[in-house]
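Scrolling down, you'll hit the structures one after another.
The two complexes that follow have subunit A in common; it is paired with subunit B in the first and with subunit C in the second.
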Partner chain A sequence: MPKRRGFFRTPKARFLFWLAVVGLLAVFALAAPLFIRHDPLEVNLLQVTKAPSKEYIMGTDYIGRCIFCRLVKGASRSIFAACAVVAITFVIGTAIGCLCGYIGGAFDTVVMRFVDAVQAFPSMVFTISVAAMLGSGLLNCIIAMTAVGWTGYARLARSQVLTLKEKTFVSAARISGMSRTAILFKTILPNSLTPLVVSASMHVGSAILGFSGLSFLGLGTAPPFPEWGNMLNDGKATLQTAPWTVIFPGLAILIVVMIMGMFGDSINELLNLKKNVEQ
Partner chain B sequence: MRLMEAKNLDISFFSGKAERIVHAVNDVSFYLEEGEFLGLVGESGCGKSTIARILSGLIKPDGGQILYDGKEYSYPFSRQIYKTVQMIFQMPRDSFDPRRTIGSCITDIQVNFGGNRDQAREKTVQYLERTGLGREFVKKYPHQMSGGECQRAAIARAIAVQPKILICDEITSALDVSVQAQIVELLQELKEEMGLSVLFISHDLALVQGLCDRILVMHDGVIVEEGKSGDVLHNPQNDYTKLLISSVLEI
Partner chain C sequence: MKRYIAKRLLWLIPVMLMISFIAFFLMYLSPGDPATIYLSQGGDAPSAEAVANLRQELGLNDSMWVQYGRWLVNLFHGDLGTSIYTGNAVAHEIAAYFPNTIRLTLLATVMTLLLSIPLGIICAVRENGILDNIVRVINFFFGSLPGFFAALMLIYFLGVKLRWLPTVSSGSAKGIWMPALTLTLTMAPAYIRQIRAAIIQELEENYIRMAKARGIRERMILYHGALKSVLPSLFTIIGMNVGHLLGGTAIIEIVCTYQGLGRLAVNSITNRDYPLMQGFVLLMAGIYVLVNLAVDILHAYADPRVKKRLIAENGGGRRYAKKKRIL
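Moving on to the complex of A and B:
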């Protein structure tokens, strides 16, 4: 690989850079209410589908709401819902996967066949049907995405545990008088986390995308509350006459998903580097 | 007195590669006297390591009995047995958790058997120093150490609970010859000092005959010959033992 110059030279620097970008994004999303000039819910029929201007820097939508204000207000919803989904699926999936790998036997078989069944459906279709069944709403969306998302972590965690279980240092831990529970928590779990963390960091981007998708379909945040997916939906009628109604929310999704992807990549690089040094 | 006795151990594995059942250990019985240095030799794949894993309770035999101090233990072993029996593995670096320091591993084993953590920390340094490693190794990770250093640390960990029996499974085979000699010497010293009984498993007949009081020769899961170190070497009864000895002499 060609050597990179400057600040991006080391994986650690790249990681810190993307961490800072993600941090800024989070601050931006949290501080949103402080610097928006219009109420994101305010309907102004005199200012319908106005092009971007000084007053409305990203224009207005089909009932005259400020797109910029809706965008920043919606950011916290999209990003934090995605993070919540990732955090919950990560914990549940890892816990179930670890137990399956460690206990094995009938428990493992039953749970893994269930995982197979869940994974046999196309995930988006399955999420949509669960969300539709529960009804629209932020919480229901999180539940639906969690119900489908944990299986990936479970499978990964299980395979990690199965490999680690056979390692000499696990046998050594047993001979050192550690109990079965202590071996799982002190020895196997810390050694299996790296790929799980990497996969979680990669998952954030796709969770944002999935979440916007659900909102686009009307299953996520209910109107009039802003969310990037339902903003796209609002804008699709005016796509040709007022393209800014979809361009800006679309760009926001694109940029945030990209940032999350880069952040995930940098974590991957950092952790794999550590692994290489260890070996 | 017989510290450890194995009676009619038997275990088979299904080998996916060969698509057949491998009878790894076939009706094996032997014993370990107190203070004895017992060698177990045989070619790779003859079932030596399987015996080590059965004796240390890591795998369950299909049949047979294991007695420590005349008391029978069945799988899974109670953890208290590891106060009496400790094991050292073939791959020194693999036998330590890559995410933990050597010091914390050696301290933990003492705490697991009822030691006070602060005292255990002090003793950890003593055990490391006894095996020829300095104080600075307490904070080292396995990947920062050489194979020989890791094996010394593994010995330090094993003796930290003052066991009576030490099972050494090919502990020198991953090390180069000069380090091998140092490790074996250390083992001999510790055996005298602590009154250990050692089951020394190796494929290296030359090494075993210089070290052990008594030798067991294993071939295809069966013990084919047993006797005093000198007797086995100079007057082998079994054809396989003869072959093994002649192959060493040729080299």
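Moving on to the complex of A and C:
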């Protein structure tokens, strides 16, 4: 890593900075109704595909809806759905993976073979097909992405538990008479979390991408409710005459994914640094 | 080595069965009665009697396992069922679009490799140099770019503004370049990062240090040592990214109006054409599994170290066994 100066010198400072950026983003998404001047669903046929102006700072789409308002309104849905997917997959995957690693035996074999089978599908193809079978809708998208996403965490958690199980501090806990559940929750789980948290933080960006992909294909929230993916899909037809209908939602996805990527990197750096110091 | 390949091939059987079961189960669970969907195509609501008759005829009243068994037997005969929307055989529909998708994915992979191998090598050799840092930033940018947004931007700039390429990919020879270019741009970051990491790792190996200590020129070490031994891991890198490629093409084919399988599949979602969707999922999973198998075996053949390890793990291979005894 090149040497950095000033505030960005320490990983902790970098982490806090990106945490603040992500926090701001969340506040922005939640406080959306406060800065929008138009109803994001309001159709205005006199203002169809108007270029960005003072009144409509990002222009209007093919039926005269304010793009900025839709973007801000759609932010909460697009970002929080992705966060929900990451949170749910993280919890389910970790729980199942820990159990597999800790209990072992037939349960482990059956579950891991199932994980193998799910991972034998290209993930986006599987997500699209699950979402297609369930029908469009925000909740169905979350279910479809969860159905695929948990397998990665399960595998990672399982391998963590398997290595930790052999460590001396776990044997010590067992000898001192801790119950099996207590050993799992008090010694193994806290020690296995670091790589899982790192992988979850890296996952947020790709979840936003996957989610906007589903929504782009029309599998997300039903129109007219805005979501970044379906805004791009709406803009596709007017790309030639009104490129702003595509550029702004696309940039919004790009910027948020980049911020999440930076945030994930800073968490990675922070947690791995801690581990190196301990060793 | 033969033993390893045999093991992997045998392992394919349960994996394929699991895949087929999941693909079947997805369709089995899907809402809506296929008989009703099929009969309502004309627009009128079908009579209860007609639906019941068709259900009987299609065997929809049997238990799930019986239906799965029948479907599997048909599958072995190459019969993927009939498209609800067009009424043609699913296998036939897929065969019509498949060559286009193969052409697109191969072209995109070749272009990605042509771009990312040199860049990956330069970035690894001059680690943290100017170019490495520039490439890292660009990589981060393109890695965060949604494929469909990249496609729309390319259509706007190359198609609408510069008029170099047609905006609609179907029906022209130059049409393939737009989706191929998009796929290249979105796949290259992962390839560059992985190739760079593989070379950096290789450069830290003991034999490289040894060669340096003996005073062999850097360039010699690079061309005859590091790069030569890292190239086989390209197979692994391709295998790691093929899943992304298969999923990514589906969306990009839609944006670029390219007549490929992905477009067919996504259209089948809108038409609620489950058999077609199922055929697509099955085919993609099959390709994914087979490509990964082929890639692992090729990697072993191209890199003696991997081959040796696999033989040690799986037994067999007289040549290596003998050597071990002498040592």
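The rule is short, and it goes like this: the second predicted complex is superposed on the first by the 277 of 279 C-alpha atoms of A that agree within 3 Å, B and C clash if a C-alpha of one lies under 4 Å from a C-alpha of the other, contacts with A are read in each partner's own complex, and residues count from 1 in each chain.
Following the convention adopted for this analysis, a residue touches a chain if its C-beta (ideal position, glycine included) is under 8 Å from a C-beta of that chain, and two chains touch if they have at least 3 such contacts.
As the structure is a computational prediction, the values presented were derived from the model and not from experiment.
K.L.:
Please work out whether A:K12 is in contact with subunit B alone, subunit C alone, both, or neither, and reply first, second, both or neither.
P.N.:
neither
K.L.:
Please work out whether A:T168 is in contact with subunit B alone, subunit C alone, both, or neither, and reply first, second, both or neither.
P.N.:
In the superposed model, A:T168 contacts subunit B only, not subunit C.
K.L.:
Hey, is it subunit B or subunit C that touches more of subunit A?
P.N.:
Tallying touched residues of subunit A, the top partner is C.
K.L.:
Does subunit B (first) or subunit C (second) touch A:R37, or do both, or does neither?
P.N.:
In the superposed model, A:R37 contacts neither subunit B nor subunit C.
K.L.:
Of the partners subunit B and subunit C, which touch A:N191 in the superposed model: first, second, both, neither?
P.N.:
First partner only.
K.L.:
From the superposed pair, tell me which subunit A residues show up as contacts to subunit B and also as contacts to subunit C.
P.N.:
On subunit A, the subunit B and subunit C contacts do not overlap at all.
K.L.:
Taking the complex as given, what residues does subunit A use to touch subunit B?
P.N.:
It is residues 167-169, 171-179, 187, 190-191, 277-279 of subunit A that touch subunit B.
K.L.:
Can you name the residues of subunit C that touch subunit A in the complex?
P.N.:
14-15, 18-19, 21-22, 26-27, 29-31, 128, 133, 140-141, 143-149, 152-153, 155-156, 160, 167, 242-244, 246-248, 250-251, 254-255, 265-266, 269-270, 274, 277-278, 280-281, 284-285, 288-289
K.L.:
Which bits of subunit A are touching subunit C when the two form their complex?
P.N.:
My answer: residues 1-2, 113-114, 116-118, 120-130, 132-135, 205, 209, 212-213, 216-219, 232, 235-236, 239-240, 243, 246-247, 250, 253-254, 257-258, 261.
K.L.:
List the residues on subunit B that touch subunit A in their complex, please.
P.N.:
53, 56-58, 79, 82-83, 86-87, 89-91, 94-99, 105, 108-109, 112-113, 141, 143, 154, 157, 161
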